[in-house]
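Across the two complexes that follow, chain A remains constant while its partner is chain B and subsequently chain C.
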Partner chain A sequence: MSAHHPAAPVGGKLFNLPVMICSLLIAAMVAVLFVRFIFGLGAVTNLNDGYPWGIWVVFDVVIGSAFACGGFSVAMLVYIFNRGEYHPLVRPALLASLFGYTLAGVGVLFDLGRWWNFWHILWPGYANPNSVMFEVALCISCYIIVMWIEFSPVFMEKWGMKVQKKKLEKVLFFFIALGTLLPMMHQSSLGTLLVVMGPQVNPLWQTPVVPLLFLLSAITIGYGVVLFESCVASSAYRMEIEMHLLQPLAKVMLGMLSVFLIVRFGDLVVRNAFGHALQPTLEAFFFWLETACFVLPYLLVGTAGARRNPARLFLAGVAIMLGGVLLRVNGFLIGYDTGLGVDHGWNYFPSIAEMLVTIGMFALEVLGYIIITRRFPVLPRSAAAH
Partner chain B sequence: MANQNLISLEQDDRIEAAARRLQMGRREFLQFCAAMATTLGLPQGADAAVAEAVAANKRPSVIWLHFQECTGCTESMLRAEHPTLEKLILDVISLDYHETLFAAAGHQVEAARKTAMTENKGKYLLVVEGAIPTRDGGIYCKVGGKTAIELLKECAADAAAVIAIGSCASWGGMPSTDPNPTGAMGVDKVLGKPVVTIPGCPPNPYNFLSTVVHFLTFGSLPAVDHLGRPKFAYSRLVHENCERRAHFDAGRFAMDFGDDGHRKGYCLYKLGCKGPETYANCPTIQFGDAGAGTWPVGCGHPCIGCTEQGVGFEKPIHAVAKLKNIEPSAFLPRIVEEKGVGASLGSAAVLAAVAGAAAGAGAMVAKNLGLSHKAEQMEEAKKSDAKAEV
Partner chain C sequence: MTSRRDFLRGCLAGGAAAASAVLPETACARDTLQRPPEGLGLLYDATLCVGCQACVAACKQANGNPAEFSAMDKLWDSPLDTSGHTFNLIKMYRNGTMETKDAEENGFAFMKTSCMHCADPSCVSACPVSAMTKDPVTGIVGYDADACIGCRYCVAACPFGIPKYQYDSPTGKIGKCELCRHRHKDGHYSACAEVCPTGATLFGRTEDLLAEAKRRLAAKPGEKLVVPRGRLPKPGETAEEAARWKGLVDQSYEAVAGTYLQHVYGEKEYGGTQVLKLSAVNFQKAGLPDLPPKSSAATSETIQHTLYGGMIMPIAVLAGLTWVAKRNVVPEDDDQKGGKQ
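Entry: the complex of A and B
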């Protein structure tokens, strides 16, 4: 990270209301996980043979890692498309990604029935290189390490490790390149997880191009998350919003969104699956809800004038994120039928304990973000108001 | 072992004669001998030895005693339906004394027994069916004025070998269950020496017959375990070769007679099947010659462990067996898998609360951002107005 965009710690007290609330939510999560690791998954979750994946996988891992694509999307913009002006957004976006991915990696462990065997998936003797899960596990593990390396200059600056930082910066381009390649691999593989479920997934979400859809939507969500996070951070820390960066970024986001929507609907038409969206079913309702979320940004920030309003940028970011959430929840849970329409009665709705863990994970991300931005040089200095 | 080659017996007159005597075809007779050798688990070539022995040897004299029993062992032996098996019992051996099958009665029969014992001294087979009452001097079972103990000791004294058939003779069986009013005991306890036992209630007739044919062929009894049971028949648990074993391993159990699992032929372990602690070859040779699957477990009834002392007639039929080799995993799937619960009021409320809180917070952030934007715009407007005025 170059020196002409100096970043600085926000400073301020660490103990305030948001931190306390986050800590309480994390404590609740730890309590639930204590029960889960002693008495097993059945003791706290509503998981069953028909729905072996609940919100711990779909929210904490699949959606959590998609939300964490801000770092990837912005890095791609800055380093691949050489748009250096976005550089001040890289560090905060990378920080959110770092937490998102690290917790997604940890979150997988909660959902593994025999979690003590987790290392088998990466151990040469046990690994199954033909499995899409293997691809996801290996790729996400690598990406987490790569991201910590990408982010480590922040810690080096804080602790005055100038020599090491200089050495690292010489090879950092390699890790940055890896950091843009790896998410492309596993974000699409997360979609492939749906492909291997075959006809159990509703035709609205079961398509050979679902890996592409997941990748495109993850990139789009990445920009949405940056909008969201910049607005929330500046409003929470009472800093000036980097409107001069967010406005063009929103335009880039709309461009990606258009590509996504063209592929999404083109695929539905080509596969003759669009009829499923016109039936009076729960799946069709959620399909339109998802589509509405993806279309909403055009109405909110479609014009240059509208993009000048930070409230609209914020809402557009939220809409994109909600669309991404629904795409994944629809594919993995709502549009997923174990019984193939023959074996009825399979049912899943997250238990309170499951939700407490997912909420706790997000609280952990928020808490980590608060602590690091307050104590480490992440947010742009020029924007710091106090 | 005598002859090793079945082909060398092709033109043997003795084989022809034996087959004729047993009212069998020559081929049928050789097949029977081969089946016997196989049941005994004997190596290749033993079929010829069995055939030669059956054809050539003098039929061994057999004295068959009945004590505290139901005659079920004899009955099942006679109902065996392998071709002409009942003839084999009567023609392969010389049954010189058998209370159920004898036409004669009273002193005549007792005299026949005495004669056979004297004539075949040290060469006859003694088969004992039924437990021996020992309480009060053994007065609870008397034949021809002699107690069972006296009769058994008298006949066993000059026998070449003693075979205890059925669970009663083997270890006391049903008569010896608590409170055991007659003090019923197995043959080995009364004689004070080990004997060959063929436990079962009733035992499989082929296990008995194979033992006799072994004696006939090789002049000795087959290898036995520490309880005197022939190893060829009693070295494996019923559980090991059970046709329902795959269901046990997969965790599919019948939980009730007539339930879904029971109708589908699932494992009967949880209904109290004693197969996992009972040594017998029932699943491999089955029972009653009525075709495939006709043995207790095959018909849907749990094994009661009739061959096993301490299990049969002692453990309640519904009691779950003590597993002797493998414990079922606690993590096996159920017959009817839970299909999950839907939204509860609590979980739906929590989800709604979280969604509401997020929406509220989002709305507040949006409102604040909007307000600051408006203020900024007004300020800019003021500035541009001021500029315009200047």
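Entry: the complex of A and C
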């Protein structure tokens, strides 16, 4: 890491209240999953044939992986756009991404109805290159491996593997390039998943540019997540907030957000679909809620003065994350209607058990983040109070 | 200044993948697929249907599916919709007093719900492991449970809401009509058509069924019309060809032409389907979606192949990114510039 800010373990006790809460939530998840694997998806979820995908797909995988774009967004800023000053943010962001993606990959298994066949998706004999899902699965699998390689110097530092670390660093640039390409591919494809569903998806979200919308929003969310995480980590570990990095980062985020909003609204106007946003429907309401979340950061951190306020940076990050959640929930659930307006009576709202699994997965991420940052050199040392 | 130039260079490399997403209609455009010439299918004529549900029972038997109950007494099979265990169902349109059959006002009508066997099926395009396939000769959309991972993307993708998953089982499969392809080798065709007493469901080559549908639409409402039952032989069928299938070749009888809407549902929808439908009541009111002639599979695969055709674009972008990253990533002990400032 940088000469001025070498990364260091935070240290401190591992057994405390947050860790206990996380462990309880994880135990609840394991209990639900036990029932799910013995009795089937119907025993614990509210999934049905009108809504075959619920929160395990939309939250744990589609949104979970978008939240895990911090590593990709920051690495792209540092290594591709050569903004070395942001380097201290790379490791923490990459760690969160690593957990987000690894757990999204594991979370898929809970939702797969025939999970013992999951390896088919990586086996050439079964491949269907026409399938968007095939691209997403293959690409995310590769990215998880690439991210572990990108992050492995942290473990090598801890365990004193100097020779191996030197060798890896010689070729690390290639994995960083790969680690920038792969999220571009699958984050856009996660949007393309909607295209084959055709007119079942409301025109506010069904568009040929949906891959670009998902990609641009994922990059923006990546910066939002870094703002959020930096503020939370600083407050939890009683460290100084790295305002000199977060202020300009918030500006970069607003820039990306502007590109996203131009494409978003340009597309609606070009396709003549804006009228759908002006109807008294649930879909229109959620469209405006989503839009409000994406516009809020301009009000929160639009000026240089406002960006000096850590609370505003934090809230702007949260607003971007909520906007990203809504874009995805709207596309896959709220704006999705089996049978195109012919009322088949299908409804979906997640069951408590389904929510326990989603919450348990996020708890697992938080727990992993706590353990690794306390024991491995991830967060910048100079700011650490311990 | 170096930093700014690198920034622009990064924009160029990173933006290439993103920019390509907005250019879907290029050389890789994939047209909507058409029905195979020998494709098999069904013709359902709602005006001939009496709602006896013999086809529903026969389908259950042919596919070894259990009964599903919607009433407390659990006396007989009474599914409310198709499901992982019910591949075929006759639904009912009801309005007002329900006095007249096949009338939109104060009337009722039947509609068969089962797989349409699309010319360009969304489920086949969606399936990541080729568990859903379209037979190149018969055009039957078949399912292979041994390949399936249970992701249910096919369920989400189908605009007819046809592939359905068995949520009640830890080893649930996808269930859908496969036109009784497993019975073809024994000379049996689709069970629903075999048992239909009025010829409302007819089995045959889609091309012949389409001609039959147009013959019915040309008839004057109320006039006598001879309609076939069971299987529709292709024109000039030889005795040898006919011997492939069990049952009488000619089971036709004299019926009355219905007051059809001048629309063969499935002729053009989503690039055409191999199951065709005739109705006197608006198709959307009877539960069928209003679909454009272009399939969603064509749009989706055009986007995918534009971005990933031959992996040319990803490799080009990777080369650009690698070149930029090699300049900017400096080894740990060399804290001079770039990423290691």
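As a working rule, the second predicted complex is superposed on the first by the 380 of 386 C-alpha atoms of A that agree within 3 Å, B and C clash if a C-alpha of one lies under 4 Å from a C-alpha of the other, contacts with A are read in each partner's own complex, and residues count from 1 in each chain.
Rule of thumb we're sticking to: contacts are C-beta pairs under 8 Å (C-beta built on N, C-alpha and C of every residue); 3 or more make two chains touch, one makes a residue touch a chain.
What you see is a predicted model; the values in this text were computed from it and never measured.
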Superposed partners chain B and chain C on chain A - clash or fit: clash
Partner, of chain C and chain B, that touches more residues belonging to chain A: C
First (chain B), second (chain C), both or neither touched by A:Asn48: both
Partner chain in contact with A:Val232 - chain B first, chain C second, else both or neither: first
Contacts of A:Val318 with chain B and chain C, given as first, second, both or neither: first
Partner chain(s) touched by A:Ser131 [first = chain B, second = chain C, both, neither]: second
First (chain B), second (chain C), both or neither touched by A:Asn347: first
Partner chain in contact with A:Ala28 - chain B first, chain C second, else both or neither: neither
Clashing chain B stretch [against chain C; choices 3-11, 75-83 or 237-245]: 237-245
Footprint overlap on chain A, where chain B in one structure and chain C in the other make contact: 47-50
Touch list for chain A against partner chain B, complex: 46-51, 231-232, 235, 241, 308-311, 314-315, 318, 345-352, 355, 359
Chain A to chain C touching residues, read off their complex: 1-3, 37-42, 45, 47-50, 52-53, 76, 78-85, 87, 111-115, 117-118, 120-121, 126-135, 137, 153, 165-166, 169-170, 172-174, 176-178, 180-181, 184-185, 188-189, 192-193, 195-200, 208-209, 211-212, 215-216, 263, 336, 338-342, 344
Complex contact set, residues of chain C against chain A: 2-3, 6-7, 10-11, 13-14, 17-18, 21-22, 24, 81-84, 122, 125-131, 145-153, 155-157, 159-161, 164-173, 270, 284, 287-292, 295-297, 299-301, 303-305, 307-308, 314, 317-318, 321-322, 324-329, 331-332, 335, 337-341
Touching residues (chain side chain B, partner chain A) in the complex: 333, 337-344, 346-348, 350-351, 354, 362, 365-370, 372-373
